[in-house]
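To start, the structure itself, in structure tokens.
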Amino acid sequence: MSHFAAITKAVADARAANPLVGSWTNFVTINLVANTQLAVGGRAAMCFMPDEAIPLTSISKATYINIGTLEPVALEALPQAAEAAVHLQKPWVFDPVAAGLGDTRNAIIKALKKSKPSVIRGNASEIIAVSHLWELQSANKGNVDGVDATDSVEDALFSARELAKWTGGVVAVSGETDVVLDARQTFRISGGSAMLKTITGAGCSLGGVIAVYAGVTDPLTAALTGSLAYKWASEEAESSSTGSGSFQVAFIDRLSLLSGDALIAYARGVLKAN
Amino acid sequence: MSHFAAITKAVADARAANPLVGSWTNFVTINLVANTQLAVGGRAAMCFMPDEAIPLTSISKATYINIGTLEPVALEALPQAAEAAVHLQKPWVFDPVAAGLGDTRNAIIKALKKSKPSVIRGNASEIIAVSHLWELQSANKGNVDGVDATDSVEDALFSARELAKWTGGVVAVSGETDVVLDARQTFRISGGSAMLKTITGAGCSLGGVIAVYAGVTDPLTAALTGSLAYKWASEEAESSSTGSGSFQVAFIDRLSLLSGDALIAYARGVLKAN
Amino acid sequence: MSHFAAITKAVADARAANPLVGSWTNFVTINLVANTQLAVGGRAAMCFMPDEAIPLTSISKATYINIGTLEPVALEALPQAAEAAVHLQKPWVFDPVAAGLGDTRNAIIKALKKSKPSVIRGNASEIIAVSHLWELQSANKGNVDGVDATDSVEDALFSARELAKWTGGVVAVSGETDVVLDARQTFRISGGSAMLKTITGAGCSLGGVIAVYAGVTDPLTAALTGSLAYKWASEEAESSSTGSGSFQVAFIDRLSLLSGDALIAYARGVLKAN
């Protein structure tokens, strides 16, 4: 099946199946993650306790793990959530927010290495930092600056490919042009609105939406569908907003109105494979 | 006083008295809970620490306890918050989100049994699960699927009545048609917008709003007023929204504009007692 | 440089430099804090773990500490975050939400005394309570009622001045008329919209925005700029909103459109020094 056909099907299947995604995510953007997951047809449940890893994963179609804000319990809970996903053969999406910042965060990232994620989504600096923490490359540590990237997406290509080789899954590097790749193929997605950077949680919620699609399709299609949806919805939202507050509202509106046909028509202009 | 007169008075009294509600609630929807409580005239304060149970409850007119996301401290804090409400003779509203999911959650639910809540608000599956965990019925465990119900409201009637008998209070079962009952009467509320299911926190924030009304009226009137307000505001909001983002904004707007007269005019068409 | 020139420069510098603010803040309003910080040009990163105090502060231009919701880890983390700011000579803004409520909160407030904040922002009751907890005055304890003030801004003037003498920094008391003072000067800012009280987080997010400006200018200018911006944006937002939901959206929009010229034109009518 062509990528376009798979993407169209993923958009429709998410609306039809309402896949439940169990998320372990940060306190800053947890509400936006849930609302964007619902907007594309998914259902959202968030947990923090280790004893919920198995029960939540058992009823979920996919798992989303985001390390944006950590508390002591995360050291035990997040590795168990990832192990539960692998053990129960459910896809899981890893969002290594601020990778490299703090001992707890880095200890958790290292602990997650063996539970190979289906999709890793991050900005360039986060992707570089994870690849380094997982000792897939020695050189570049990446330059994490809080939750923002100071490296370019192209700088992160080598790291992203090393990560994809290790996991056998997909890596999505978010930036002005998104890169989505696996061990065999690399896709670039241009377009989108710069206003996405004026609201908190654009990246986190993209990870959460990719997890929704991972509940109904393969990881590569899920990452492409989510990334394209964000480029499309942000362009649409910018045209109907008067500032960053109304942009976020319009962005969620557009996601809730997303159709496969509109997304494919858009994708033809911005998606490049090589 | 007739129910309609009591509801009209509750809407006005909340705006006049600005009752403070102390809430112990989840991280996903905590902001929406606070904003909806403010929208109907209440004031909001949220806590998580056991040492805050007595001081917060002492200055509050009502307490709201929602177990949607749990952390280790909740095992100690939530039972103490409920005990403080009972000890200080303040009404408290229990929102058993995802009842049945995880050992921590079920341990907390069991610990809350003796501190009989004034109102229990949940979806059908949650109501059934609490009734089972409290050993008020042996048979049906309910089918919790994350935070969503897979049982119908009518399926939960027996459980709801068992809970009302135990607590001597009110049980509000949210669904396409809401049921609000106590040991003596049963009310059904139809209407409302299906878009409430497209945003996260519709149920949680209804629980928080019922707690605001419980700060100015009896539990039955509080549950009826909150449930009617959500049906009315969601219908109004749907008519002026273009997606799930603008729906949430319009929904809060409508709650902030709620009047007793408009609510009663609406209630005459959707509220049935039997 | 005149205050007006410094304010104009602060608004422009925040948009040009995008200062990163490391925040330790509450779960209720954390998303609004981040979005308002972004709206005025800053960048936001939130943490909760003690091991992140040094790394986060090292890459931040300013630190924001808000004690609105506490968990056990905060007892260790918040004092360390404040010490890191002092040690690394970065400005930090203290938001003593609900000061006086609970042993944990009061223990943290006492522990923060020695790490003198650049700016303390709170409502009248919180300012009075901190001054008491820091034993800068014996008499008045303040009347904290949840997160709301029951004392007037003028009642808090003595406490605010005692705090400014102790810290050598700035104290901003939020109310119908804001007071911003240091050991030498007192400013009053009138105007603003009463609708700010109908959304949760107006005060918290003001503290977060003052921290953004503290990353590009002196504490007094930062507090004046943030406080004026909130008065201006709330008036503008009220005129284009239909309820408290659309008010919050419009408020963030206005902050994202804030210009120094507009703010100064507004300030000439509402800012009084004496």
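By written order: A, B and C. Residues from 1 in each chain.
One rule holds in what follows: contacts are C-beta pairs under 8 Å (C-beta built on N, C-alpha and C of every residue); 3 or more make two chains touch, one makes a residue touch a chain.
Just so it is clear, the structure is predicted and the values come from calculations on it, not from any experiment.
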item	value
Rotation in the CA alignment of subunit A with subunit B, degrees, nearest 5	120
Subunit C against subunit A, contact positions shared by both copies (same if over half, else different)	different
Centroid spacing, where centroids are CA-atom means, of subunit A and subunit C in whole angstrom	33
Contacts with 2+ other chains: residues of subunit C	27, 31, 71, 248-249
Residues of subunit A defined as touching subunit B within the complex	20, 22, 27, 30-31, 34-35, 38-39, 43-49, 51-52, 55-56, 59-60, 71, 73, 248-257
Sites on subunit C touched by subunit B in the complex	26-29, 31-32, 68-72, 98, 101-105, 145-148, 197-201, 241-246, 248-249
